[in-house]
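Shared between the two complexes below is subunit A, which has subunit B as its partner in the first and subunit C in the second.
Right, the complex of A and B next:
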């Protein structure tokens, strides 16, 4: 049963990713020039989904990570510094970002994950805030200090006079980024599904529900938490590098902004923790909401995320997915009542 | 390293420790009595600072006077937050509790950003702001000295309340055993409400002082949440007695690094992380 579930999930994921991969072409055919900004919104949504899925991975072990901004920033900076100091190929920064973020997570997690969950949350928050100030005070020659530094774009489509229109350059660039983001989303979904459909799921759930019992059952809580934390951070690190290339620059305040952490945790909680579909669904909804809010409230639009977080925790701790599930259960219960009592109203 | 700066660094550190203890003791109260790790604690501090600023700008209130106004307002804010949100997650998983307070923190910080913007605000016109004493080459500002004295009085007062009054005895009882306290007739929920209100009140008064000492922005709350956590973690989660000495250690470490280490001012925040991480690693190895 477990095997079939895994293959069904993977098939569904492949279909979903395949459908999204066709999206740029469809949008271009349907909307022409407007597809450029639609694609930009799509990039935002896919990036948010990656962030949310990776955060959910750590949450499945019952840990609150407040350091996603740190790994995101570390990834962006890893790529930026590599390209600033060496003549490495442009794409080399992305895998390096994953490695650097994973190494940082290994060090931080190794020191704090053996302890009670509260300490981990506090430690990650402190780590994120401090990494920002440390990067600010690094020498200008290496990181650009408090000013930051520039990165080359991953895609440089050339305008060919006569063969294409002006806006198609922007379209090609956005299409390229969209597909790269989508590749990372595919990886994040794969990890999420594999964890959900393998023995790891039981290990994660056991550690989340009761660490001591998990230990008695032969699950090593510290190691399980560390595995989730390191994988999650590696994915976020790569996302940070790709985004840094897309934005064209990194600087301490923006790249290590606590906003990233807020987005990373609000999205899966709103969608439904410990699921794969929930975070993706929430990313689609929230990226649309965010775009609207950013235009109406410039400073402090994050207030909406705070409200979503508080309301979700108080009224639907299992997120939108949880609402769906309890709705389905109620309907099934009603159907079951009908089945036991034949010859009711209709007969 | 310039050793002649040492006396000044020590004095600054000791003076700062009062304010730190005041903010951290409120956080320790929330953790120790209610068992809620409040990631929004620094935001109470921030609200106190900006209320004092606004009272000064709008009505010319002296910050010392506005303490009398800020304290009850912050108590009410804390109590209202407890009654409307915290109360419902007391038995929820720890992850949910932390996420809830983090969410409250996001809301408060961004509301402040919407109202006051991101620029630093200062209470510049207070006559005593620039007054200071010179004692043998060490300068002591009147404002840091005053904030130290007020903090010592408040923290001392809290300890007296906890040790000597029926309310304090109720808080200690609830902290030790929630069910037992309920069984002997204490209204646990009301004790929690008062404890959370007090926690916010203490942080808020600290905020009034920072508005005179520095020029804070609405993000000052997060910075002080972190400082308070460093102290609380060093003292041991929920330990209220150890806060004063832990605050002293943290404030002295910060002051020494900032003045004695070259380029140390940029490393102020790193001190807090080092203390948090160092304590965690030490605990982790001792437990293993």
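Right, the complex of A and C next:
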């Protein structure tokens, strides 16, 4: 019954990821040197999609988490500290970041997920601040203290004189990162689709829409929320590690910035909550809008970007996906004219 | 004598200064249909909330099949076989009728395979007459259908004891008669039923025993004939404008 839907979703996801995987080559062929900056934009967009989709997983259980920066930062620091203290391979930090973020989410979520609504949100807002303070006060030898520490890049393409042009080094580097980001997005999509097509979706939706009744129906609300929180944190932790490698360093203020949390929640709200497509679509659209505004307006672009967000949330309170859905419903209703007018209520 | 399937021992619950339920004790035998009646504000729904775990008692115990579940969360009581339909219908929005039932069927019995859950959903849909509405969003249901959904969802958890909170309220006599038949059928299959009801003919038709509550306390207990002949019960209802009382 659900089986076919699952395979169709996975097929669509595979097509989408496959298409994106071909993008670097296509851009290079079409734009040459300019493809380097297009790819940089692509990396940001895919990164934002991972951030948004992972946040949405928690939102599906009805929890407004303001802790995304904490797990993002914890992931970045997990990789940084591992490579600072040991001779571990460069890539080892990424899975470790996922594990550390998940463990942290298990501990913090276990303590706070019993809080309802706004209290949970406020509680989670403190996570990033607490971690930031903890990192600042650790010995310099471990985390770099308040200064931060450097990480090696994941890719070191070598310039071969005569065989390639200078910009191709940057291209190869961006191509590598783009594919790594895309791999993480593929993982996030896979998790999201599996959640949506399994019994977890019923548990998530039941807990979100009526936690008390969900309990009476046999759903364990605390455990359901914790599952979403831990999975979500593991994904964003790995994102934090990959970004730390790309930026080349971590430091307490930037790595635990509340900006990350804001992006994580604004993007899925713009795209449409509780869906796989919504957050991804929003990340792609918003990255494009931001870049365009930045290029045309330079300094004041953030003001215009804010206006775009406010206006779209005013006119699309259920996000882009909600807009699509209500348009489809209107079309169906128009097609049904002539039949008996439905007496249904419109939410 | 076998252990009663559901037992309340000295249950009390206060909200601030208000003593909503005071020292209420009763036992329900397996297979019984047990009614809780009383004027508005008598503490009936609070009593059900204490039984299903939505509220913690200030004192007293709840035993389910001999197991003390007083400190157990709602979902564990559900796993132990306690089902509940609410007075104010509380379907999960954003879901279809079938999906609403699926929540109870999948999670009401831990570790139930999906095929078995689907079978229980099917059975519950059929017996409540909701099969043709399975794909309907719950927002599209009318009150009668919503009431049926409440019962169906509780049945999908395959309860041993079913708590029904005024499921007949707002139904027309013919609809209420259907609902009475449904409860009788469910009971005939071995499900113990505890229900709150204002419609006295329904209580008369269904209940093996009746607990009358007033001001949070037990006022009387016995068969329908016994409690309705009790002077204290008659007095408690006097002045109550409820026309069904007559």
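We adopt the following convention: the second predicted complex is superposed on the first by the 312 of 347 C-alpha atoms of A that agree within 3 Å, B and C clash if a C-alpha of one lies under 4 Å from a C-alpha of the other, contacts with A are read in each partner's own complex, and residues count from 1 in each chain.
Quick note on the criterion: contacts are C-beta pairs under 8 Å (C-beta built on N, C-alpha and C of every residue); 3 or more make two chains touch, one makes a residue touch a chain.
Just so it is clear, the model here is predicted, and its values are computed rather than measured.
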Touch test for A:258: subunit B only (first), subunit C only (second), both, or neither?
first
Let me test your reading of the model: by the given contact rule, A:205 touches which partner, first (subunit B), second (subunit C), both or neither?
second
With the two complexes superposed on chain A, say which partner A:64 touches: subunit B (first), subunit C (second), both, or neither.
first
Scan A:216 for contacts with subunit B and subunit C and give back first, second, both or neither.
second
With both structures fitted on chain A, tell me whether subunit B or subunit C touches more of subunit A's residues.
B
On subunit A, which stretch or stretches are contacted by subunit B in one complex as well as by subunit C in the other?
none
Residue set of subunit C touching subunit A in the complex reads 52-54, 73-75, 78-79, 84, 86, 90, 92-95, 99, 102-104, 106-110, 114, 118, 139-140, 153, 157
Could you please specify the touching residues of subunit B with respect to subunit A in the complex?
37, 39, 85, 88-89, 92-96, 98-100, 102-107, 110-114, 117-118, 222-223, 225-226, 229-230, 233, 237, 263, 266-270, 272-273, 276-277, 280-281, 283-284, 287-288
Footprint of subunit B on subunit A - complex, ascending
59, 62-64, 66, 111-112, 114-115, 117-119, 121-123, 125-127, 129-130, 133-134, 136-137, 258, 262, 265-266, 269, 297, 299-303, 305-307, 309-310, 313-314, 317
Can you check the complex and tell me which residues of subunit A touch subunit C?
1, 199, 202-203, 205-206, 209-210, 212-221, 344-345, 347
